[in-house]
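The structures come next, written out as structure tokens.
Below, subunit A partners subunit B and then partners subunit C, in two separate complexes.
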Partner chain A sequence: MGISKTLIEKIKNVLIVVLILSTILLLHFLWNDNPVGDFSIPVLGGERVEPILIKTVMNPDKITVSFGGENYTVIAPSAGDWDSSAAGQGATRGIIQRLQEFSLSGMIMPSGISKSDFNDVIRARSIRADFPFAIPFSEFCTEYNLRGLARIDLIESFTGVAYSEASPNSVFFFNMQEDKYYRLAANEADTDFDALITDIERRDKASFYPLRMYSGVENEVMIPLDMQIAMAQIPYSNNADAVSSDEDDETTGMAKKLFGSSFDFTRKIIEGNGTMVYMYGYGEMVLVVNRDGSFEYSASGRDSNGTVSFFEALNIALDFISRHGALEAHGQTPERMYLKSVEFNPDRKGYRFAFGFKIDDYAVHYLNDEALIVETSGSQAIYFKWDLIEYQAAGAYTAGAGDEAEREALRPFDLLAENFVSLFGVLREHIIVNESENPDEEENFNSLVSTEVMFETVVQGVSDVSAGYLRRETGNANEIIGLSRGAVNIHEEDSTGQIEKLLPVWIFTIMGVDFYFDLYEGDLVGYTP
Partner chain B sequence: MDWTKAKTILIIALLVSNVTIIVTYIFDLQSKENVDENLIREILEDANVIIETELPDYPKRMAVLYVQPEHEDRKAVMKVLEAQTRADISLSSESEIDANIEAANRIMKECGYLTKNTELSLPTYEKNGETLIKYRNVYDNIPIEESSIICAVKGGRVLSLEREWYSPVELHDKRGEIMGALEAMIMLLPDKDESETLIIKGVELVYWVNSEGAGVESPVADTALPAWKITDSMGNDRYVTAYRQR
Partner chain C sequence: MRKWIILIIAVFAVMICSSSAYAATDAAVTLVSPPENESIVANNFLISVKVTQPGRVLRISAGELQQKSGEKFVSVKPEELEEYDKKKDEEKKLTAVMEAEIFESKGSVSFFTKKIDGITPGVYLIKVETLDAADNVVYVKEARILVKEKTEEAKVFDSQKSGTSQFLQSLLTKIFKN
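Moving on to the complex of A and B:
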């Protein structure tokens, strides 16, 4: 018997459905001019990317509070001290919120003031926030909605902002890089900065004093007398062993994210030392994956017609970082990240942003590079370098946990006093090497100098003192290793022969050179010119 | 209503419309290619680019080829060259060129360089009284550039052997769209002097390992990309990546 009529009808039904779908598909190719080979079913959902917000990463380096009578403290800004909108609901209003209130105080008169006037004002009950980089003033006012201040064109850029009870209707902006100080005075201001000062006063904190009080040498940099700190050596890994040419590897996954659909037509080169280079076209996009686990990506930028603003460029950089998942791939989070330095490149009409990471408010320092760098040109990111490490989550090293119990760190002034001769020697070597850049200081360094002059020179040159972690490099014991930026790593081999631990250190910045001292043992473990 | 008859008519109508759309799409594609080709020829003519060669057929899609640079054992090669005897050198072939080629083949075989990827490239060249015999590196009938072996032969004796070689490893699993030779010639225009007349004598699709610009000193693995090798009347070779830019 032949095929039954019912079966034939069923076949016809299926055929009609198939032909209708194929007609739709063919019309899609014909009308949209899409090559058949490029057709693909769109992916629904996809990977959700959490943006990194400016307020998460752009915070002051430190907040210095004077309680009057030469009593000071310096705190790492906790969530909310600078911008309470970053801390969430219920947080005490931060400095930004009080600046916003101040900016609505009606007529505001700007004026330049001298350094000594500024220092006098700050000695009274006051609060100041310092950034390690300069921020364009008018863009800052626009970004943070300081409407009443945006019209002020006296201030081009600033590195910090302060309030003092000695001048309660004013706020102060200053640029430490250019040695410029400004006072913005309102007729009447109801900003209530004092409440913030009182709030900090009530916290458990260390006492700081200006360096001049310890040394008799003029220097307003704050350093603590004593500090109980719970910091221990923290083991870390940098995924160096995970770098391979395996197509399923995380490394390749990162390359695919950067190159997108071009990845499959990209040149891949593997060097004898294990370094991998991915190159698209004639070098329009290049990714170098180093054997030590660091990555470096560069793209030839399109000719940019105009410069984007500081904050627009920062948003471009943060967007680039979040879209390519560099943080997640190394177990890092945006909350640990902070903006460390900013440079403007006029040739490229863009910025170079360097980011660092923190553990429990203590910055992790690298001897020979930065953790994460993004360069922008116009509206695109053209360079992205990252050398991230993984370590245990914040809070794992708090007081009371075995070896990590709080203990007294060596006094930073004592370290300075005991080591000023060797510090001077390093500075002399550095200054002579760069003699064309420091002609005024060369005289001091080239002649035989007394210990008093050495001491004074070193102390006067101190621009910052802080505690943090140092990422050292592996190598032979008791060997001074010259690293790529001229940094010097001085270390001793530990019992395992491996040195992949973050070391708690005091960091002294003296004439642009960072010196690292073991926080508890006092040894000089490295420096970075 | 007779649904059976209606379904049959509907099926026939859909079939006819599908075939019509397919034919229209193909004609549209072909005419677009023709228009593009004519436009490109005009642009090249205006830019003083004269094409004096046939344009080859080419696959529409190709994958990149992973290769491994090979470093020769110079001592072993020198040993083979020095071991050539009078009997090896005697000109048994009818012509000197044939004898030289025979000698080169023999040395290549002794060195282990005569493989399935090796292809003799004719014609030979004369330089300083020596015949230069070139062997190309070929994968799936497509040459790998810039990868070759050059034997300098004189009087049936191989005087030297220079080898730049990439061993093909495997093709990537994804293929990309390849542009035509004419489109590739357009890519030469930005680097060409406007007043210069460029006469193109040869066009060939190759796998190309770009030896410049990578900044890598001693790679152990590399990638050859499909590229158009364009030879001008002066004998200069230029390479243009054949993937259509995205």
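Moving on to the complex of A and C:
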């Protein structure tokens, strides 16, 4: 007796379903260029991962506003100052929204301008936003829908954008790393940047002045005369002992997320110093759990034929971070995270993104490394390092909370004037160490003897001054763990031998060296060359 | 007679030297900011005094020049300064905008900095006096600061160039660049 027609139809239906699913699966691999090893079936009813958006983490370092007459202020961009779509409905239009309006102004003429002209426009009533890294211009225009600007090929990359009433139909892009300045002029523009300047003018803000007005030495870096700040020493922990334990569930969970279905085939190696290593195959995927509580994951990248764009690579990095739960495991949120630096690696055809974290508007600085690093190659994340800490929610340390009312921080310019000799000494030491790279600077340093010239050299070298928190040490203060790159921790440890408090500091960046001064006591507590 | 003439000349010479010494400025003291005899437009300004010798004691003060107009004293406009200088003392007044402060320099390079708020258009005088151990004035440095009314922001770029000529310039650049 043959197979019944009904049964045959059922078998055909099953085969069709299997074929359709296989087709979708193959398309997934081919379209996204994903390795088979990365694929895992999502757990039904499992935790939904919220993606981390670019507009959450990529914001200007600072916004500088000139009210004219050498009156300035510098603000950490609040939600909406840069991109009001990140602030939600009802927020005042930010700089991005006004750039979008400007880009629709008809004929826009780009031109290069001199630094002198740029400084003149900035001294007038103006607003400027600065990033700590360079952004490819055309990709930026595409990403932020600046349609009228995307075809401009004069500007390769930029680190900031500005508007000035000294040239009301223009916007300015500039690259401080390459000392290049550009003006985009429209015949008619109705962008109303002044409304944003007026809004900031009405806020409670500190007065800033360029360094040249304090010192008489040419330098346009803005520093506050004085500031009332509510910052306290904040206890923190990174659960180093727990995460580096052989039996920590969270560490195991993290490893499972990173290795996916390959986790069952990984080897776990515990080194003599307590470092744990998870390894798949012959090193195709490796996870190192260090004794100090930091993690490092690396995967051998496939040869990539094409480079993905800056924003595509950033999305890949953010997606990787959100999928593997590093933030949640340490009580951190994407809203506290910010993109700190970007480097392009031409060999890998990818980018290295370093991220930091903030408490209120103040960045947490590490003396020895970065909080979170992701490297991409093509469309793949190939390296992921994180060294995250847990601390009290930001609101506990704002003005008036607990014992920490606002008090006056030491004046940053006074700190510079009182310590310039020792700062010069540190700079001289590191310039001499690098003499093969900087022979002209070494000769200049060796010939300097007068204190006045020392002062001018230090002041001219200042590229940034800000307030923040410093994480001075990882693990036990008596060990040298993590003091890579020649970082120096000057502060004495407390009686228990542990330093586990974030210290409020002034950070001076001078000739690429970050110097950290206690915000309220004025001691030099460390520097990172 | 000759002796009397020599004596009178000597007395005058001493008087002139003394007044010169009083009016002499301290070479170790520089008024960095605000810029002297330059016009600014602001509602506040930063005073920054640089001292390049330790142990110097300074008395710093600032005030607004005012002149009599009817029964009251009013601000002096920068363009009226020349006329103001010719007036008699009873028609002139210096109204303090900052109480005198004493500053002692500590290192080889020290700075006194202070922000003065509430500035209106007019002429301001900043005085920096160097004092000796007995609080006598040894040197004086004075600077006049001209604060003007706010006018429309001066344009940095010629607006006509934002149109056709810029387009042609850009086109020519592209042609010859290629």
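Going forward, the second predicted complex is superposed on the first by the 466 of 529 C-alpha atoms of A that agree within 3 Å, B and C clash if a C-alpha of one lies under 4 Å from a C-alpha of the other, contacts with A are read in each partner's own complex, and residues count from 1 in each chain.
Keep in mind that, in the parts below, a residue touches a chain if its C-beta (ideal position, glycine included) is under 8 Å from a C-beta of that chain, and two chains touch if they have at least 3 such contacts.
Computed from a prediction, not measured in an experiment: that's the story for all the values here.
Once chain A of one complex is fitted onto chain A of the other, the partner contacts of A:T191 are absent, as it touches neither subunit B nor subunit C.
In the superposition on chain A, A:F29 makes contact with subunit B only, not with subunit C.
After overlaying the two complexes on the shared chain, residue contacts for A:S105 are found with neither subunit B nor subunit C. Look at A:T376: by the touch rule set out above, it reaches neither subunit B nor subunit C.
By the touch criterion stated above, A:G68 is placed in contact with subunit C alone, subunit B being left untouched. Shared-chain residue A:N368: touches no atom of subunit B or subunit C.
Judged by the document's definition of touching, no subunit A residue lies at the interface with subunit B and also at the interface with subunit C.
Across the complex, subunit B meets subunit A through its residues 4, 7-8, 10-11, 14-15, 17-18, 21-22, 24-25, 28, 60-61, 63-64, 66, 172, 174, 176-177, 210, 213-223, 225, 241, 243, 245-246.
By the touch criterion given at the top, residues 68-71, 107, 109-111, 117, 120-121, 124-125, 164-167, 169-170, 183, 185-187, 207, 209, 213-216, 225, 411, 413-414, 417-418, 420-421, 451-452, 455 of subunit A touch subunit C in their complex.
Of all the residues in subunit C, the ones that touch subunit A in their complex are 30, 32-33, 40-46, 48, 50, 52, 106-111, 113, 115, 150, 153-157, 159, 161-163, 166-167, 169-170. Chain contact summary for the complex, subunit A toward subunit B: residues 9, 12-13, 15-16, 19-20, 22-23, 26-27, 29-30, 35, 37, 245, 261-262, 264-272, 275, 277, 279, 281-283.
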